[in-house]
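To keep things clear, I will list the structure first and then write my remarks on it.
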Amino acid sequence: MSAFLDALFFQAGYNAALVAVGAALLGFAAGAGGSFLFLRNRALVSDAVAHATLPGVGLAFIVMVALGGDGRALIGLLAGSAISAWIGLLAVEWMVRRTRLSEDAAIGAVLSTFFGLGVVLLTVIQGMSRGRQAGLEDFLLGSTAGMLLQDALLIAGGGLLVVTAIWLLRRPMTLVAFDPAFAAARGVDVRRIDLAMMAVVLAVTVVGLKLVGLILIVALLIIPPVTARFWADRAERVVWIAGVIGGLSGWVGAALSATAPALPTGPIIVLVATGLFVVSLLFSPTRGVTAAMIARRAFQTRVHRRQGLLALARNEPIHDRLTLRILRAEGLLRGDGVATEDGQAACARIARDERRWSVARRLHKDTALTGRYDGLTPIDDVFTADEITWIDTHMLAGGSA
Amino acid sequence: MGAEFVQFSLTPILIGIFAAIACALPGNFLILRRQALIGDAISHVVLPGIVVAFLITGVVATWPMLMGAAAAALVAVFLIEVVRRMGKIEPGAAMGVVFTSLFAGGVLLLEQSDTSSVHLDVEHALMGNLEQLIWLRAEGWGSLLDPVALSYLPPELLRMAVAAALIGALTWLFWRPLKLSSFDEGFARALGLPVRTIGLGLVTAAAVAAVAAFDAVGSIIVIAMFICPPAAARLITNHLGRQVGWSLVFAVLSAILGYVFAGYGPLWLGASNSVSAAGMVAAVAGVILLLACLFGPARHRVGVAAGS
Amino acid sequence: MADLTLLQSAEPLDPASPLAVRGLTVSYGEKPALFSLDATFPVGAMSAIVGPNGAGKSTFLKAVLGLIPRVSGDVSAFGRDVDRVRDRIAYVPQRASVDWDFPTTALDVVLMGLYGQVGLWRRITGAHKTHARACLDRVGMADFADRQIGQLSGGQQQRVFLARALAQDADLFLLDEPFAGVDAATEAAIIEVLKSLKAEGRSVIAVHHDLSTVADYFDHVMLVNLRRIAEGPVQTTFTAETLAEAYGGRLGAVQIDALSLQGA
């Protein structure tokens, strides 16, 4: 436990502290950047981008060795991965634009083909004399073990850079994510902002390669935004909450993983995010499962109560078991199917409400108000007292005609 | 094409072909239903499935692992549905949440347990070991008639052949419900077809294909074969039956060419080591799709209903 | 149990009606789309379901067929549970509800209408194909049988949908906005076919959005806006008063007077 706290508060060594800072920054950038994709319903594009990095890593290694270098320089590998991921991204867009294939097919095609190419290149590298110790497999799942100081600095610096970019572009990006047509009308260059969003996603992927690996970086781009959606309805807030969730996952995950050798950084960070997601799914007050179940039950009760009372008001028999049970439980109906005093009063109220609504919908010109009629809303929720008096006058006039 | 071919290349190529067929068949319908990435999700959760199976049984044996992988695939499909419905999350994002979480769990379990001593690792699940599925007992084409030699065929061959045959039979049997519910779900349900069961059956068939194939050929081929051959076939024809036929042609072509290029390509180029066959099969499938995107007679989107 | 007496006292839905519902409530989440709706459609007639946008017209058809869950209510077709008479009901969904990019031909789509009779495994024979072509011919699409459906115009797609329903040889036809976004020629062709169905004693129920043609095309009308506003013969039901109640402020008084000639 104390080891965990040490790591959490950057007391576990310089490298570990840098990794924790880098993971937090990366998590924040991934959460916020991934939100833009998620809000445009394109979450899995990140999957194609991430898998498309692999051939770039392989090619970069081969090129660096061919140029007489070591081949393992992180900056070079990351540059290579960025180029091939960008090509993969363009391939997805090209297929969707130029052929009848839908985006999910294009994503799947690009990710499997590029990944296949990457694996081919990895086996080529293994056949090279220098390739045996290349350690490029680490890019699949990430590895912070034996990370050099300069690598840690690169990750922390890269994370900071992406967060800054998101901060600078936050307004146009949320605008485009929320409503592209409106953004275009406001003079925002939607295509350019789309590209900027993709660049952010790409940057997150590349920076995260070493830390969490190309398969799991997708998780950091998707899970925090989905989790944030449970806590906010407005686009800007989703972005920032997702950033915070991602940052928290990165920080806590990196600290946890520093406490024991068998706790790989990438999976731990992802599982912390998953934990936050599950809690949100179950317990979010507005969109959570628990809240939805309670609301559903209450709604059903309201429908059956109202239907039952309307039937009673019209002297029609009730034949629905649930309706009967609800009316009895609320003391509106006696065991033999006759309304109690309370029940009769409720019937009268509801019957009057229905008559008023019927008049209101006939006479009132404002469909925005009359359109709120849904069979359940009492009329006094929608109209003022004097309007209801006006409706009542018409009701009497209509009734006598 | 003598004894050496039969010994070292025949069985891997056949296994590759069967795997490609088993995946491409359900892939056709997944693509038409805009569920192409279910295949991606399933192949990612194979890893946690086999790790859990190993932890429970304590042995690295084929059947427990296949069962574990199949169970994981179904759990993933179930969880995706739960997240999508209960959280009202769009399907792509729901998939992303579920398969990455399960994959992370699998990697963590793998690291936590002492499986490093046994042959069980991420790379194997991704890339398979197609090159090693050789038939050493064969002495030439005549061995195909020799019961003793036949009994030394790699077990993966029979398993994959059975899986391909099973999925082929199921596709043929359920052709009409699959087609109708993929095209017009409302009408299918009005006819009284159990649309949801059909959808689940399709995903289960995909899971069976993925699980049977991953051990031999790895997840990469699985994902590539779910998507690339059917997508390319869709760009060739506007007729469902012909689309499925073309997808099988492309799948078989990718399996053969991929294996040949991986095994002999480097030699032609003067290198000495062969490269990953699984990766090469996926890459060839991608090239076929690229060609279909450029030249397929039905590649363009036309006459999409304007809606009302 | 006290429940039973009450259940027994409930009158059964009209067994002669091709479609009768009672207390039908459907909701999308918290928002009811139909509330406690009763309806009894006559046999051998053309009935329209009319109401403003979002009034629950399409929802009604879908709920009746069990395509979306009901919160409450009873539905009967020909006096029986819908599930037991599905082969007697043909459903024509909204054109926008399917993927027209699907790799299939017009003839193929019509053959799908035969799945109810042929079953899922028996062979489609030449006789079935002849029947399907005859159905295409009836809607004037015989020459387009082998076209991919995505290459057809909106009106032609609607005709193919109608041909598929014809192939089902049903007694009740449920059509969801059959005239939405189709050309005048197609509208005339469709109405011709529907009238011939009526002449054969079959029942047609269509969601309809064009108020100006209700009186020309239909015998029976149900006005809906969340609940049933009115239902009955067009002559007596399609009046200025019921229209005003269904559409509220959405239609001006002049429009309503112009539309409801018979009722006034």
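Should a chain be cited, it is by its letter among A, B and C, assigned in written order, with residues numbered from 1 in that chain.
By definition in this document, contacts are C-beta pairs under 8 Å (C-beta built on N, C-alpha and C of every residue); 3 or more make two chains touch, one makes a residue touch a chain.
The model shown is predicted, which means the values in this text are computed figures rather than measured ones.
If you average the Cα atoms per chain, which one ends up farthest from chain C?
Result for max centroid distance from chain C is chain B.
When the contacting C-beta pairs are counted for B-C and for A-B, which pair yields the higher total?
More contacting C-beta pairs are found at A-B.
Could you state the distance in Å from the CA-based centre of chain A to that of chain C?
38
Compute the distance, rounded to whole Å, between the mean C-alpha positions of chain B and chain C.
Those two chain centres are 42 Å apart.
If you average the Cα atoms of chain A and of chain B to get two centres, how far apart are those centres in Å?
From the centre of chain A to the centre of chain B is 29 Å.
What are the residue numbers in chain C that touch two or more other chains?
In chain C, the residues touching two or more other chains are 101.
Two or more other chains touching the same residue: where does that happen in chain A?
100
In chain B, what residues contact two or more other chains?
234, 298, 301-302, in rising order.
Quick check: in the complex, which residue numbers of chain A touch chain C?
So the residues of chain A touching chain C come out as 100, 295, 299-300, 303-304, 306-307, 310-311, 317-324, 335-337, 358, 361-362, 364-367, 370-371, 373-376.
Applying the document's contact rule, which stretches of chain A touch chain B when the two form their complex?
Result: residues 38, 41-44, 46-47, 94-95, 98-102, 104-105, 107-120, 122-124, 126-127, 137, 140-141, 215-216, 218-219, 221-223, 225-226, 229-230, 262-264, 266-268, 270-271, 274, 277, 281, 287, 289, 292 of chain A touch chain B.
Within their complex, state which residues of chain B touch chain A.
Listed in rising order, the residues are 31, 34-37, 39-40, 44, 83, 86-90, 92-97, 100-101, 103-105, 107-108, 111-112, 122-123, 126-127, 220-221, 223-224, 226-228, 231, 234-235, 262, 266, 271-276, 278-283, 285-287, 289, 293, 296, 298-302.
Considering only the defined contacts, which chain C positions touch chain B in the complex?
62, 65-67, 83, 86, 89, 91, 93-105, 108-109, 112, 115-116, 120-121, 148, 150-152, 154, 157, 164, 174, 177, 180-181
For a test of understanding, state which residues of chain B touch chain C in their complex under the given definition.
Result: residues 32, 173-174, 176-177, 179-180, 182-184, 186-187, 189-192, 234, 237-240, 242-243, 298, 301-308 of chain B touch chain C.
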